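The structures come next, written out as C-alpha cells.
Both complexes shown next keep chain A, but they swap its partner, so chain B is in the first and chain C is in the second.
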Partner chain A sequence: MSVDGKGWVGKAVPRKEEDRLLRGRGKFADDIKLREMLYLRFVRSSYAHANIVSIDTSDAEKIPGVICTLTGSEIASQTQPFIEMAPDPGGKIQDYPLAISKVRYQGEPVAAVMAISPGIADDGAEAVQVEYAALDPVVDAEQALTDASILHEEAGTNKVWGGVFEYGDVEQAFREAASVIEIDRMHFHRFSSTPLENNVVIAQWDPKDERIYYSCNNSFPSFAIQFLAAHLNVHIDRIRVQTSDIGGSFGIKITSYPQMAVCALASKKAGGRPIKWVETRSEHMISSAHGNERTFRDTRVALDKDGVITAITSRHIDDCGAYPRYEPLGCVIWSQVFPGVYRFKNARIDFSQAVTNKCPVGPNRGYSRMQHLWFLERVVDICAHELGIPADEMRLRNYIRPEEFPYTTPNGCIYDSGNYPKMLEVAKQLIGWDAWKKKQAEARKEGRMLGIGIGTTLDSGTNNFGQAQIVNPGAPFSGNSQGANCKLDIYGEVVVAVGSCPQGQGHETTAAQVVADVLNINPDLITVRTGFDTERNVHTGFSGTYASQFAVSGLSAVHGAAQKLKAEMKRLAAFVLKSKEEDLEFGVGGQGPEVRSKSNGKSINYWGMANIVNVNSAVLPVEMHDVTLNCRYIWRAPFKVPDIKRKYGNLTMTYASQLHIAVVEIDRETFIPKILDYVAVDDCGTVINPPIVEGQVYGATAHGIGAALLENCVYDSVGNMLTSTFSDYIPITAMNMPTVKYGHIETPSPHSYSGAKGMGEGGAAPIHTISAALQDALFDKRIFIDDSFNNPDSLFRALKGEIGRADDIVKVERRA
Partner chain B sequence: MLAQLGEEAKLLAGGQSLIPLMKLRFANPSHLVDLNFVPGTTYIKEENGALRFGALTRHTEIEKSAIAAGVPIIHDCAAGIADVQIRNRGTIGGSLAEADPSGDWATVLLTQKTELHCLSPRGERMIPLPEFITDAYTTALDHDELVREVVVKVPEKGSGGAYLAFKRSAPVYPTASAAVQLTMEGEVCKDAAIVLGCVGLMPVRAKEAEAALRGRSIDGKALAGAMEAAHAAADPQPDMRGSAEYKRSLVAALVKRAIEVAVQRARGQRVEVSHIYA
Partner chain C sequence: MPETVEKVAIQLKVNGKPHSVTVEPRMLLVQLLREELDLTGTHVGCDTTYCGACTVLMNGEAVKSCTMFALQADGAEILTVEGLEKDGQLHPIQKAFGDSYGLQCGYCTPGLMLSTLQLVTKNPEPSENDIRKAIAGNTCRCTGYQNIFKAIRQASRNMKGV
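Showing the complex of A and B:
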C-alpha cells in the first residue's frame, strides 16, 4: 500500500526504466553482436520511377570480405508478395522487399550486399551496377489519380482505394443554410518522426532448426510476423521476434517488415550466419516511412445564422507513397474522429488514396486522424474569420457539449467522455487570453502581425480493427486484444510480462503500479518484462506499442492477469492457512509480501506459496492442481463488427482530447514566426502516472511544433527527395521550443476499467494551433493558411501575394 | 608529409565538415593527416594590437575566451556556430580552410583586418583573408600548405561590430547571415564593413551598403539605404533553407539589426546578441 493508503495508480511513481536508460545502460538492437555476424547494406534506386534493365553484382562479390549479394529476382522465386490489405484492384499490387523489375521511389532497395564489416558492405553496395530506364514519375496524388503514368501495372490504376462516407441529410442542411462557405483546396504536408534510433534488424535463418530469429526494433511485431510468415512461406511459430529498448518509433517502425524479410533471406543465403542491418539517417529519411500527405478539395460548409456548422462536404485525396504497406487502413482510421470535437450531423466525405513515386507512408504519430482534424480546425477557423465570429466563440457554439457524453457520432463512434469548453476555459486562463487580446490590438495598430490560435483535437485510442472491413469487406480481423502474464516465480518474485514493446512510454512503471494495487505491495517489488518476445507467449495478433492504447489495452491485460493471480493466491492461502477466502488480506509482513488471515493472524509469504506450487506440490490436494500462480490473461475490447455498408460503428474505445493555444508573431522584416506564448491542456481521463503523461504531452507538442514550422519531406518534380539529411529536414530541437505551459483536466472514461484513456499521439494539436495563430495574424491581409506547413519562406511568399490569397481559396455565400 | 602522400591526402582538423562528407562518401581521401596531436596549434593571445588564434583553436575555446570577447563580433560568431558538440570539435583554421559558402568565420572575419599565416615545406607566408578565399570550397592554399595561425587586428576604439545569423535549428548552417563592423565618430559613421553570408558562392562584401553608411549619421534613411544595397548585393541560391527572393529579404533585415547593434557597441554599450531561430 502506498503511504497515503490510496494506491499507486495516479501517483508520480519514478520510472523504473529511468535508472537503466539515463545511465546509458539501455540495451538497444544495435548493441547486440553475434558470432559470425555479417553486415547488410542496401543498394538503393537513384530514380523515382524506372524499369530495371540489369543488375550486375559480380564486381561487388569480388571484393574481399563480401560474402554474398541478394537481388529482387532471387527473392521473388522463393517468396510470396506481401499481404495487401486493399480490395482489388489495389489488392493486386505485388510488393516485394527488393525491387524486381522496376523501382517506384528514390531510395527503394534494389539489392543487398552482405559483408564481414559495415565498411566493406558499403564498398560492395557501391560496386553493384544497376542499369535503369527512366519512366515518368508521379509525385502528386491528384495527378496520380489520372493514371497517366501507372506505378503498379498489376493493379492497372494508381488508385488504391476510394469510398464515400455520407451521414445525415446533407442536401437539406445546405438548402436551409444561412451561409455557405466554399474552400477550394487545402493541403496537409508530408513529414515524419525521425526517432533518435533508426531501424535496426538482426536476423538469423538458422539451418539447424529451420527457425528465423529476429532481434530488432519493430514497434508492432505481431503485425510484422503475420506479414513475414505469409511472405516467407514459413509457420508463424518458426519466427521468433525479440525487441529490447527502442529509441523511439512514433509508428514509423511498424512498417520495417520488408527489411526484416531481406535480412532473413540474406542469412539463409549466407548459410545461416546472422545478418545485421543498421539503417543510416539518410536511409531513414528517404526510405523508412513518412506520414500521410492529404489534399482537401471542393470543401463546402453549411452554417446556420449563429455560425453553427450544419453540414460539410469535401473530397479528400490521400497520398500513400509507392506501396500501400499499412494502407489503405488510413482510408478509414481518420473516421474514428469523423466530426472532430464538433456537433455537426450531416456530412459527405469522398475519400480516395493514390500511390505516388515517393517513400511509402507508415502510421506516423497522429496517424490519419490528425490530417482530418487539421482539416476540420481549418474549416472552423476559416468560417469563423469569414463570418466575423471570434475563434473561441465559434468553437463554443460548435463543440459537443459536456452533457452529451457518451456521444454517438454521425458514423456510430462513441466518444466516451470529455469537456471541451472546460479545456478552453483552462487554456485561456493559463495563457492570459484577455491580456493577449489587448496586446494583439495594440500590436495591430503598430502594423505588427500577431495572431492567437486555438487547436482542439482528439487522440482516439484502442481501435476496433473491424474498421479494416470498411475498406476491405474480406479483411479477416476485428476487435482488439492484448495479452499479459503475471506470476509468482519459483522463489516467489512477482514477474509481469506484457506483449508491448515500449519506446519510452514507461510501461514497466505503469504496469507495476497496476499490479502493486491489486496485490497491495510496493511497485519496487514487481519486475516487469517489457520488450516483445514471441517466446513469452503473451502476445495476440494485435500486440505491440502503437495507436495510443497501452493505458487501456495493455494495462487492462495486466490488471486481468494480476486479478487472476490474486484469485489463485487466495485459494492457495485459504487452503494452507485453513481459513476462508473472505478472511484473507494481502500485504507486506515481516517476511516480505504475504497473504494473512485477519482472524487468526497466520500468514504465508510469496515464497511459501510459490514453493508449494513449484517444488513442494505433493502437499497439494488434487482439486488444487489447477493452481499454477502463473496466470496468462487476454483482454479483449468490447467491440462489434461495424456495419460495412453504412460505414457505421464504434471504431475506438477512448477519446483523449487536447486543447492548445499559441500566440505567434510574424516578424515584419525576417518573416520568422516566433511563438510568444504556448499552452497545452490535456485530458486523457484518469491519469495513471502524471509525469509520464506530462512528458508525453511535451513530446507530442514538440513534434507538432516541428511539423508545423520546420519538418517537411520535400520532393522535386521528378521525385528526388530534397530533405534526406538533418541539414535539410529540420527536426525540432530544444533551441526551437517555446516554454510550454501545461494544464490538464480529467474526465474519466466509462469505457476502460480504470477510467484511463490511451494517449501519447496528441492529435497533432500544435499543427492545428499554429495554423490558426498564423491565420489570425494574417487574416486582415486576406491571407488564409491553406497548408499545414509554414516557414519564414512560405510566409514571405504569402505576404508577397504569391500563395494563400483568400480570394483564390474561399468563397462565401450569405443567404440570411 | 602532404607532399609525399599526394593530392588525394586530406588534412583532418576538427573534422566537422570532412567526416560528414566522408560518411556520405562525397569525399574519399587516400590518407588522412590528423593535425590534432601537433603541439602548439591551440591558443588565443593578444599581441601588438592583434588577436592571434592557433589554427586548431576550437570554436568553444574562442566562445569562452575573455581575450576574444574583447572583439564582440568574434564572440557572436564563436558562440553561435552550430551546436555544442560541433563547437567542441570544430576549429577556426579548419573552417576557414574549408571555405564553405555557408561557414560563419569567413563572413565575420572579412569585416576585420584578418591575415592567415600559412605553412608549407617552402616556409611560411601571410595571406590576407580576402585573397585567401578564392571560390566556394577553394582557397589560395597549395596542396602541401596549411593554415598555422589566424591573426585579427583589434578594431580601434569607437568601433563596434555584430554578427547575426538566422538558423532553422542549432546544428544546421544559417539561411543567411550578416556581419557588420562600424567605426563611429560621434553620430557619424566614419567607416563601415558589411559582409553577407550564405547568399553567394563566397561571403559577399556589400560595398554599396557600406557606402550608404559611410560619412553619415545612422538614421532611418541610412539604414534603409544599407538594407536596399544589401538586398541587391546578395546573390543567393534557392534551396531547402529558402527561396532566393526570401534570402535576399532576410539578409537585408539581418544587416539592419547588425548595424543597430554595432552602433550601440561602438558607443561602448554592452549588447548581447545570438543567432536567431525559427
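Showing the complex of A and C:
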C-alpha cells in the first residue's frame, strides 16, 4: 500500500513515537506517582574499600515523615545473594544490593531510607551514621591480580575469570615472520554513555496478592527478573515489570536489578506502600555502571614481507569494578570480533578479568568488542607506521576480502557479509582524502600537528548466549530468541506487542513497517505497544533491548507473528467469502483494511473478521475454532552450542560494519585536539528505516568522539571518583561535536529474513579513528597513542615526553 | 529541621494559566512544575545546570529549572513544553524536530525546543555557530546533535512562515 508499491520497509516512515514526545506527553518512569507512595534515598559509602564497623539509623528514624530504613544485614537474612555468572572462584562472590560487612567501591549503597517526600528521605539519609574502618583500595586491575588486597574474601582472589583463546599455529607464524613488532602496554579507558534519564525504580510488594510490581527503566527486564526471582525467593511470575518511555540506556540500565531489589524489599518493610527511587546524576556517575576498562600487555605481532599480519599474541586484563554482575560475559563477548575486520588466522589471547574498588561495569554501547577492536586498530596502525606502510594501504592488505564472505573467523564466527575496501573508498571520497593529504603536507611544513586517521569497526549483533558456556561450562544458556504478538483486537484494530524495551530506537515505527508490509496496509493503521511488560507474555529469557539486535531478533519475531496472523486471516476470510485462499488479496477498501477475493469480488474488513472470532463466534465452524486472530510467535536464532574446549563456534548472527575517517589537528599552544573533518560510513545490510539508521550512526559517533576526547571516569589512587558530575565528566555537547558526513553501503545479510543486520552500538569507531588520527598527527615525534582517551593534558604530557614514548612502548625486529 | 520549615506563598503563570501555590523554600522550580502542577514534560538529567533537560522559559529567557528555587519564579511567566502546542496543533519548532528526526528517546527534547524558541525569537536567521551556542547548555545523548542542528534550521524557517 506504500505509494510506490514496494512496501514500507526501507522507507523514511515518520516515527510513531514522535507525537507524544514532542508534546511533552512521553511517559517516563519518574512521571508516575502512586497512592501512598514513599521515596527512597540511599546512604552510600564514602570509602572505596572499608569494613563497616557500625550503622546507626536511629536518628533518621526519628525524623517526622521517615517511615522506615533498611540495611544490608536485614536484606541478607531474607534473600539469596545474586546469581554469579562466573565459575568458581569468581562464582563464590556474594553480591547483595546493600553492603553487609564491607564496602567495595565509593558510592556503594549501605542503607536505604524511606520517607513521605524526596526531601525528607534526603534528610533521613544524612542522619544515618556509618562508621568505617578503611582497607587498602585497589584501583588498578593488574595490581588487583597480585591479590595483595582482596575485595571478596569468599572468592579468595581478585581474579574473576581467566582463559586462553588460541587458534591456528602461532609459533609457526612467528618463525616465518618477516618482521615482529612488540607493543608493551596499551590501555582502554573507563567511560559511560550516561543516558540523560537516570535510573528510576518504582516498586510495590503488594500484600494483597503477594506480587511485586515494577515500573522502571531497566533495559533488559527478562534478565532482571531472572536475577530478582532467585534473589528474592519468589516465583518469577510474581514479578511484573513494566517500562514505558525510557530516556536512553546504551546498556547502562541493564544492571539496575540490585536497586530494583532494594525497592521491593523496602516496600515489603513499609507494609506494601509503593517505593520510588529516582537516581541523582552523581549517584549515576559513581554507582550505576561504567564501561569495561581493559589493559593490553606484551602484544607481539608477526607480519610477512608485505606487512600482512600473520599472527598476534597478547595478554588482556579487563577491569570489571567491584562486583561482576553482567560479567564475566565480557571475557568472551569480545571474541565475537576476534580478528576484527582482518584476515590473520593465528592468534593467542590470554584473557583475564579482575575486580577492583571501582564502580561495577555494565554492558555499555559497544560492549567488550570495542575494547578489542580498538586494540586491533592500534596494532594495525602501529605496525603500519613502523613498517612505513600508509594506513589505508595497510588496511587494504589486511582486510577480509569482499569475495570471502560469508567468512569463518579463526574462532568459528561467521561474518555474514561486508565490503570493507568499498567502505574505505566511499569514506575517502566523502572526506576528500587526496585534498586532505595535500593540506596535511603543507601543514607539516609549518610544523602543525595535523593527522588523518581511519577506524574500521564491527557491530556484531544478536548474540549466541551459548558463548556464556565458554566462560562458565555450567551456564544454562545458549541461542537467542525474541517474542512478539500480533492480533486483531475485538474491533479489528491491528495491535502488535514485542519483547523489546526501546529507549529511542524507534521500535514502534519499524515494527509497524514490517507488519504493514505483511498485511499490505499503512503503518498508521497499526498500533505497536510502547515499552515492555511481562504481562503481555511476549518475552523470552533474552527479551530486552541490547546488543544491536532488534532489526534481526525483534523484527523477525514481529514478522513471524504477523505472518501467523495473516495465515489465520486467510483461513477465516476464505471460509466467510467462500473463496480459495490463493484468490485472496490483502489491502484497504472502502471500509478500511480488508481481505478480498479476486475470484468473486467479495470482501471482509478487519472489523468483520474480529467480530466473528471474538463476539459472533457461533457462526464459526468447529474446525476453525483454533483461529484466534491473536498470534504469538517466538523467533529463535539458528545457533549451536559452541565447542567449549576449543572456544569455537558462531557467536553472533550479523556483523554490521562502520568505517570512519577523521582529520584532527592538535593546537600547538593549547594542545586541544580539534576535529577538522569527519566521515562515518555505515553498512548494516538492508535498511528498515534510513533516517533511524542514520540517527543511530550519529549518536554512536557522538558517544565515540566524546569517549575519545572528553569523557573519562577518573579515580584517584585511593578510589575517590573525581568525575561524579556532568561538569567534571563533560558529556559531549553541541560545541564540541563536529559536523559528520554520513555515507552508506549495503551488503544484505544472508542470515536474517530481511537482509538487515542489527546496528546501533556502532563499534565505537570514533575511538579507533581519533586514536589513529592523533597518531598520524604526532607521526614524526616518536610518540605512540597507547591510550583510548586523549585530552589536551595527556597530549601535552606526551609531547613533553612523559607518556607515550615510542621507544619505551614499541620494539621492531626486522628479519627480512 | 524539616518540621519547622515554613511554606511560602507564591504566584506565577505557567503556560498562560495563573497559579497560587505554597512551597517549601528548598523546592526547586522543576519540582514545582513536575510534582505540584503535574507538568511532567520538563525533565531532570544532571541536577547541576549542565544538561538542560529541565530548560523552561521564564519571562522569555531560557532557564534551568533544576537549579532555581520555585520561590525565584514568584510573579514570573513560565513556558514549558506543554505550552508550545496551540489548539492541538504542533508549534513550528515541534514540527521541525519531528520532521528532522531531531529526537530519539525524547528526554532532552522539551528543553532543546525551549532553548530553540529563545534562539529563533531573538535571532530569526541563526548561523551554524549561533545554533551551536544556543544549545551548548542542552545535552543530547542519542542524536549526536546532527539532526538537532537540522531541526533548528528548519524551525527558524518554519517560524518565518508563521
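Going forward, the second predicted complex is superposed on the first by the 816 of 816 C-alpha atoms of A that agree within 3 Å, B and C clash if a C-alpha of one lies under 4 Å from a C-alpha of the other, contacts with A are read in each partner's own complex, and residues count from 1 in each chain.
Please note the rule applied: a residue touches a chain if its C-beta (ideal position, glycine included) is under 8 Å from a C-beta of that chain, and two chains touch if they have at least 3 such contacts.
Every value quoted in this text rests on a predicted model; they were computed, and no experiment measured them.
Once the two complexes are laid over each other on the shared chain, residue contacts for A:Asn791 go to chain B alone; chain C is not touched. When both complexes are overlaid on chain A, the residue A:Met735 reaches chain B and chain C alike. When the shared chain is aligned, chain B and chain C each come close enough to touch A:Ser727.
Contacts of A:Gly699 after superposition: chain C is touched, whereas chain B is not reached. Legend: residue contacts after superposition of the two complexes on their common chain; A:Glu669 is shown touching chain B, with no touch to chain C.
Once chain A of one complex is fitted onto chain A of the other, the partner contacts of A:Ser282 extend to both chain B and chain C.
After superposition on the shared chain, chain A has more residues touched by C, the comparison being chain B against chain C.
With the contact threshold set out at the top, residues 282, 725-727, 731, 733, 735 of chain A are in contact with chain B in one structure and with chain C in the other. The touching residues of chain C, when paired with chain A in their complex, are 1-3, 24, 26-27, 34-35, 39-48, 50-51, 53, 80-82, 84-85, 90, 94, 97-99, 101, 103-110, 113, 131-133, 135-149. Residues of chain A touching chain C in their complex: 14-15, 17-19, 21-26, 28, 30-31, 33, 63-65, 119-120, 123, 193-198, 245-248, 250, 278, 280-282, 503-506, 691-692, 694-703, 725-727, 731, 733-735, 737, 739-740, 742.
Chain contact summary for the complex, chain B toward chain A: residues 24-25, 83, 166, 168-173, 175, 239-243, 245-246, 249-250, 252-254, 256, 276-278.
By the touch criterion given at the top, residues 122, 126, 282, 667, 669-673, 709-710, 714, 722-723, 725-733, 735-736, 791-793, 796-797, 800 of chain A touch chain B in their complex.
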